[in-house]
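Next come the structures, one after another.
There are two complexes below, and they share chain A, which is joined by chain B in the first and by chain C in the second.
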Partner chain A sequence: MAGGLTYTAVDSTQLSTAEYYGKALCELGREHPEIVALTADLGKSTKIGMFGEEFPDRFFNVGIAEQNMFGVAAGMAKAGLVPFLSTFSTFASLRSADQLHTDICYQNVNAKVIATHSGTSFGQAGSTHHAICDMAVTRSFPNLTVICPADGMETVNAVRAAYATPGPFYIRINRGFDRVLYPSTDYGFEVGKAVTLHEGTDITVIACGSCAFQALQAANFLDNTDGLKVRVLNMHTIKPIDREAVEKAVMDTRRIITVEDHSVIGGLGSAVAEVVVEFGKGCAFKKLGIQDQFAPIGLHEDIMSILGIDSNGIIDAVREVMKKDFELDDNWDDEV
Partner chain B sequence: MILLASKEETLTNKIFLGAALPLVKVIANDIPKLAKKFEKTHAVIQISALDPAGPLGKVATHFVVNSGEWLVHTDRVDTRPHIELEFKSVEAMNAFFKGKIGPATLPKMRGVLKNPGTFASFMQVLLKMSALLGAKTPPEDEATKKLLVKCFFYLLSSGISQLNKNGHEAVHEWALKSPDRVYAWAVNGYPELSAYIRVKAGKTKAGRGEYKRAMPFFTLRFDSLDSALGILMSTDDMLEATKAGRLIMDGAPEFGAQIGEYMLTVAGYAQ
Partner chain C sequence: MPLTTKEWLALEKKAHQLRRLCLDTTYWAGSGHIGGGMSIMDMLTVLYHKYMNIRVEEPLWEDRDRLIMSKGHAGIALAPVLVDKGFNDPEQLKTFNHTNSKMGMHLDANKVVGVDASTGSLGHGLSIALGTALAARVRGKDYWTYCILGDGECDEGSNWEAAMTASQYKVTNLISFVDRNKCMIDGCTEDVMKLEPFADKWKAFGFIVKEVDGHNIKELCDAIDFALDNREAPVMIIADTVKGAGIDFMENDYRWHYGAIDEDKYNQAKASLDKYYEGRKARAEKG
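Entry: the complex of A and B
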């Protein structure tokens, strides 16, 4: 595995999102014998290996053959099992796109893809391991629910929800080391419903994944320094998107910024923009993410900073969008 | 020797011309008995004060009444009104509207003989406005309560806007720093009484009704007409009313305190 770790083993155990995933899957496995797990030789990295250690008879390593893994999972699902399959996001969404599309989504089988190392979270591994267009690809597949959890606790909620909801799921989580947004799983997670992290009426920042924490940091900073009231929505479910929350943001604040560790083409920003345009009400809008380029190589935090999707980048963007007009009325005579 | 009005007198006058006098239209429209009196009226009625600093040597607000339809032109002089109440100075006008009525503050009245009916009707509206806004106790009936709340909301939103437009230091400083935001006043269950002020980079606009382009940044909301009148007529305490839920601040409390301060500033000039 490509290296460059700057965290201690203790940190990685406490902060790894995938670690939460592994534990949550084991818990589910104890309750539900029909759950099986598949990996394409990345059991350890994706943490699905934890399931394999506890349930070796229900764990299948297909080798470095992602396309086969998706086909096998589809067959298992057709036979009544509930397969959870894990590999890196870039392999799950691109290398196995055909099998995900045809074997899993077209047949609408009950298979759950937990794609790890998403976005630029495996930054030091280079562009081949950056998953910057997985949401664009997967959210275009019919029947597929796409979730991008913000941290470990939300990953647990997403994994539980995926089991509880029939049909295919694609959950993209980071390599690990995500900042902790939620101290527990008890905050009202619901598939397709955004979570309001910070209330405000000046502007709405809609974020997903690790950017949700950054957006909250930015909102707190802007409240203290600029007196700006920034609404922050954690849009964990990319599909089906929470139209109601987006439309309310348009009506209430008339300014929206989306933030994602993903290309600005096809991901969260595009999904939100589609809702805004279909809603038909004007608002100032800006998408933060990877601007139609390959991301630089390095540590995740550094890449987020370079791409402007960390708290500083969000602060700059909020200040910029606050200068834009949403109100066409430029007559300043008092109404009498 | 030409004597210019002091800054304080000028600001007081702008509140009267731009925020208080426009309420004439509201009162003439909302009280059916008064509205009926203007059904067949076609006239320009002006209230002015001589002011060497003003265009044409005076400042004025005038009303164009056409078959019961009122147009209000604040802070604008009409050169040939049908009826005019002309004060000899800005100070005299301010004193008159603050209730100091005497030989030194009485206006010249023009056009009375030619338009006695319209003049009498207009004076009735002015007297009604004075009685309403000067009352020490809230009215009994709901229609008058609604009218009074509406008048206060309009007076406050327009008053703050006038202070900004005419260079009140603190208000203009606040407006300069503001991004595009709306502050609103509302009573639960009575959306038609709402008023707001839009503020953006030094500019302000007082508006009437609900602002619907976006959620107001801050709304001073009352749970009932009586609660609103308690605060607006200074018979209730803002903190107590907030604690008891009679006054609801939709938005950050620090901005509520700020707008509350400017409401008191307007009241200070108008009283």
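Entry: the complex of A and C
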């Protein structure tokens, strides 16, 4: 793990999530000359430009040409460099999907995609700039690790882990400031391992990205008002999914809600559902997210509220799912 | 350095052997992209037997020259070249396209030794080649990257994204070729999607363009020699070629983009290649 800079809670009020990324990448770049950075005319917006200011000879702006950027990165990785690529999540996952799939994942090269403006975080830009399908697309690409960090500190951890782990990564982060979930990077981040944010035995809320903070708020509220003990898991790694944490949630709470700033088709909710179904135990289940529609235009927090993926939406969903009968027979021994 | 007649004749002989091996591979596979394989065999022969600095005993040598086969369906030409060089077991060619073979029609760089990039989806290779060329700059290496594109694949916009970047970053350690055989799957390039004025397009994108006879070893060598000395702008060698070159019943017939070879066709093609080689030798001897 890279040393040097530390991040504090004060930074969280001053740095956007992407700025954390830019800072972490520069820090890695100082130690590792094989790191290069590429963007497609979004150096400033994605903050990968911070690397370019410090290392101009290792920074490549290819213009508004995402397909080319992914191919160039694949070639660089084949020749021993470790390219980090940044553009908006919707373009990274859709415009250049063929190059990500074929040049990067099929060849299994050591390239790291840090895709910004994920989910509806670029809310006012509208559906052309919302990334509501990116996890669905990238999760299906072999060899690719997919991470959706919850805040700035987790972004730093994810970026460091991406460098430290050979192979392609897709990390989706938000535009702007995320609500602070972690006051430091020191909370035991591990790729593929969910982080328990709140213990509980009545129901489990599994969240990622900006929804993790909202889920924690909902859990605290429900504890105080309804006496409900809600387990909250920050499932920052969408692939490989933490099967053990999901199976334990089924066994311990038998009720699961997933929350994501993404379509409910193919993302976190689908990944968790796949584990639950294969596990074969009865479980009440609900997916919160974007319900097979395009999201409205607006401020990110307003859109999250409209979509029901903020704390109020999660509270409502928990109360609803608590009323569900998941099975009449309480004897689990007769299940497959 | 200028090509001697002896060297030219040796390259003609090698090209002939490789065309035969490509035909054999197609026969063993039952079918294949033989038309576009034959059109680039002279380019591959010149690159692998005169110019490319590679080590068979150390295929991933980091200072090696690279070849990115953007027209990935020409695996049926590249695989015989790599086998002939000694990178892979010759028996593998007999399994080309067979179930569980390491060699499929689009070669997998993680399975076939000596392949520098897995290609097949068109319009990707020039970007990848640009990446390996820029990596040499970042890492202070002096290896060369070669890239072979098909003409039909130049319909893909991503090539022109790559072209702009090559020009913007003045990438002169990349030498590119277009196999201008004027055929694509559904017909002639000018009927399906007009490419002309093709050279002017590359020039407009900042390339120095060399137009050569893609089946003339000397012209190919002269163009590569020019590119190796050039530091002004990226070079595109447009090689005027014949689809199915050397096999009379395939030549210039777009339907031989992909085709099946039975024993009769195989024998006919072999005889045609032998005759073609005699003509090529006679031309080389004239110098």
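A few comments on the model shown:
We adopt the following convention: the second predicted complex is superposed on the first by the 313 of 336 C-alpha atoms of A that agree within 3 Å, B and C clash if a C-alpha of one lies under 4 Å from a C-alpha of the other, contacts with A are read in each partner's own complex, and residues count from 1 in each chain.
Here is the rule we use: a contact is a pair of C-beta atoms (placed from the backbone, for glycine too) under 8 Å apart; a residue touches a chain by one contact, two chains touch by 3 or more.
These numbers come from a predicted model, not from an experiment.
Contact with chain C, but none with chain B, is seen for A:Asp98 once the two complexes are overlaid on the shared chain. Among chain B and chain C, the chain that touches a larger number of residues in chain A is C.
Shared-chain residue A:Val36: touches chain C; no touch with chain B. Within the superposed three-chain model, A:Thr196 lies out of touch with both chain B and chain C [touch as defined at top].
Once chain A of one complex is fitted onto chain A of the other, the partner contacts of A:Met76 are limited to chain C, with no touch recorded for chain B. Of the two partner chains placed around the shared chain by superposition, chain B is the only one that A:Met322 touches, whereas chain C remains out of contact.
In the superposition on chain A, contact of A:Arg254 is made with chain B only, not with chain C.
In the superposition on chain A, contact is made by A:Arg58 with chain C only, not with chain B.
Shared contact residues of chain A, touching chain B in one structure and chain C in the other, are absent.
Of all residues in chain B, only 18-19, 22, 25, 72, 74, 157-158, 161-162, 179-181, 198, 203-208, 213-217, 251-252 touch chain A in the complex they form. Remark: chain C residues 62, 66, 68, 108-110, 116-118, 120-121, 123-136, 138-139, 157-158, 161-162, 164-165, 168-169 touch chain A in the complex. Interface of chain A with chain C (complex): residues 34, 36, 57-58, 60, 62-63, 65, 67-81, 83, 98-99, 102-103, 106-108. The residues of chain A lying in touch with chain B in their complex are 201-202, 228-229, 251-254, 322-323, 325-327, 329, 331-336.
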